[in-house]
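You will see chain A twice below: alongside chain B first, and alongside chain C after that.
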Partner chain A sequence: MEFLSNLTWLIAAGEAHGKGEGGKQAAHALEMSGLMFYVGLVALIIFGAAAVAKSGLNSKFFTKPLTKLFEQLYVFIQGLAIGTIGPHGRKYMSILFSLWLVVFVSNVIALFFPTSPTADLSFNLALAFIAVGYVQWEGIRANGVWGHFSHFAGPKLPIYLLPITLMIFIIEIISEVMKNVSLSLRLYGNIEGGHRAADAMNVLGQDLLIPFGAFLLPIKLLTCVVQALIFCLLFAVYLSLVTHHDHEEGHDHESHGEAAPAH
Partner chain B sequence: MLEQAPLALGLAAFGCAIGLGLIGFGAMNGMARQPEAISKLQIAMLIALAFVELVFLLTVFIGVPGLR
Partner chain C sequence: MSQIEAKQGPSATSIIGMIVFGAILMVAGFWAYTNGSFKAVEGPLADQGIPLAFGKTIASFGVLLILFKVLHIFFFAPLDEAITNRTKELEHTFGEAESLRSEMTQLKSDYEKRLTETEANAREQIQAQIKEAQDLKKELMADAQRKAEEYKQQAIAEIESEKRKALTDLRVHVTNLSLQATEKLLTENVDNDRNRRIIDDFLATVEVKN
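This part shows the complex of A and B:
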């Protein structure tokens, strides 16, 4: 019982903090302890579900429904990775699937709790840093340091077009940095925007005692799924951009053969 | 600036909705013509949707003072 009251206190503290500082606009902003509480909740759900799913593993067949669910999810993300990155996309499944799980569970938590980790820009920025940093690392591993950075400079141009190469290099570096911003802002804007829209519609129906915001739940659920998918998809696309020089020949042919039966 | 934000947001949402509709239109056309290519079309469509949506979200971040 005491734990429960502590729990509600944490949620309330997370909400009250935002109201105290930024007035009405930052009602959903969390302080650090509140954010950590939600991150811990997400980790607990993911690890708990994964542990239950792992206990259903058998040498012949999967005994638990949760195991089958995880298998289907894995196969779905794998089809997406192979379709986007190519046949060597199976190598990146671990990080793709874990990021998908984190983003999806955090998004779904937003449907039941007043806020969620992905409704906080700092958490999303950390996720984006992980994704883009991993992309850089993979690019360096696949093409070498020089190859990876000359990849930013665009096609090979004659020496008298050096200024243009320099310009392309700078623009590509900026766009690489902006990948962090776009990944995190997209997730944050969608989840937080859903919250704000629900709040605004609740105010709309206040006099009639109808919670109009609750009718947004199906759309919010759709947003949760699609945003988790898009995060992974863009991550896979960025990975494919830096690693597609690997197996240049036969790559197209193989990916057609692999991607078709996945769906 | 504060008073003009809703109108600007409406305009941004207008353009964003047109863009999203065009993407959906193109993807639906392609899916109806070639149902076997649906998985590839869906992935390309989602990427395009994400990019169009981002423009509107950036507008929101610049236009709504409380979010900056």
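This part shows the complex of A and C:
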């Protein structure tokens, strides 16, 4: 009983329904303990499902329903990776699938609990940092440090257009930084927006004792799936942008047997 | 994750390094959150309705680094291996089936070719046997005819000889009978040699007439 009491406190107290320093409300923002509880819950669900699915991997034909489900998901995300990034997209399957699972399970948690990790902008920003950071790391691995950052300067222009090159470089760097913001804010806006809309509709039906917010459940479920997919799709697109040059050059070398032009 | 890592799996050093790095970030995030290290930035953002806590971001970053790495080792690597192995096995099975099918087609073709050859060979042998049998038949027929002719000639000769012998015997017998009859009729003792000559002459006359 004490554990349950503590748990209830953790979930309830984890939500910082209070006001920010400036007095504006930051609804559903979690305290650190609440965030870690929800992240732990997400990890528990993922590992639990993965453990059950893993036990069905031994046989030649996957018989366990959860194993089949994971297989289908794996094949679906693999199709997305290969379709977006190219044939070399398979090597990014692990991180793509991990991101998809974390985002999806976190989003689904939002349907059953007062809040979820993806309803917290700080957590989403961490996800975006991982995605964009990984993209930069892969870009550097594929093109080298100079090659990767020279992409940001745009096409090679004459020396008297150096200011334009510099401007392009700065804009591209800002664009890269903004990828973090767009990834995190999009997810946060959709999940938190869903909560806010459900709360508002529940308030509307409070006097009639009708939870109008529950009618949003199907659309919220759709949002869960779509947002997880969009996050992964954008991540794959960012990866393809930094790795496809190298891959195409590789193909050029193979097909023409001559040096590809320097970018 | 490099291709080498994807094929061989990440090394123990990189796993431990990632987990340690993640743990350090978690602790740092907790510390920053507890001590309000980013209040100067978070305050103005909160004023604008942006609920951002960089301490939580850093801690989450650390947790996610560990989570992703452990998830990869615990589940994605075995899942990928199982799916890849199964795909390879299926491809191998299909390849084997295709190989067997082509082998079977080849065998069928060989069999049909051999069957055609055997049929032609058998037909040729049958024709040769028929020809040989016909030759043998002709030879046997000729031989049989020749032998029959020989037997016939031999039989005719024997018949002729027997006939001649019988005639001679008959003539002797008739002569004897005639003599005996004459002797009884005439009851006269005549010269036997002269009578015999007369009778022979008579019989010769009779034979010429017959």
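As a working rule, the second predicted complex is superposed on the first by the 234 of 263 C-alpha atoms of A that agree within 3 Å, B and C clash if a C-alpha of one lies under 4 Å from a C-alpha of the other, contacts with A are read in each partner's own complex, and residues count from 1 in each chain.
Note that contacts are C-beta pairs under 8 Å (C-beta built on N, C-alpha and C of every residue); 3 or more make two chains touch, one makes a residue touch a chain.
Nothing here was measured: the structure is a model prediction, and the numbers come from that model.
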Chain B versus chain C as contact partner of A:Val39, first or second or both or neither: second
Which of chain B and chain C A:Ser122 touches, first, second, both or neither: second
Touched partner set for A:Ala53, first chain B, second chain C, both or neither: second
First, second, both or neither for A:Asn190, with chain B first and chain C second: first
Which of chain B and chain C A:Gly79 touches, first, second, both or neither: first
Which superposed partner A:Met93 touches (first chain B, second chain C, both, neither): second
Partner, of chain C and chain B, that touches more residues belonging to chain A: C
Common interface positions of chain A, toward chain B and toward chain C: 22-26
Contacting residues of chain A [partner chain C, same complex]: 16, 20-26, 29-30, 32, 35-36, 39, 43, 46-47, 50, 53-54, 57, 60, 62, 70-71, 74-75, 90-95, 97-98, 101-102, 117, 120-123, 125-127, 129-130, 141
Partner chain B, residues of chain A touching it in the complex: 22-26, 79-80, 83-84, 182, 185-186, 189-190, 193, 226, 229-230, 233-234, 237, 259-260, 262-263
Residues of chain B defined as touching chain A within the complex: 36, 38-40, 43, 46-47, 49-50, 53-54, 57-58, 60-61, 64-67
Chain C residues touching chain A - in the complex, by the definition given at the top: 1-3, 6, 30, 33-34, 43-44, 46-61, 63-65, 67-68, 71-72, 74-80, 82-83, 86, 89
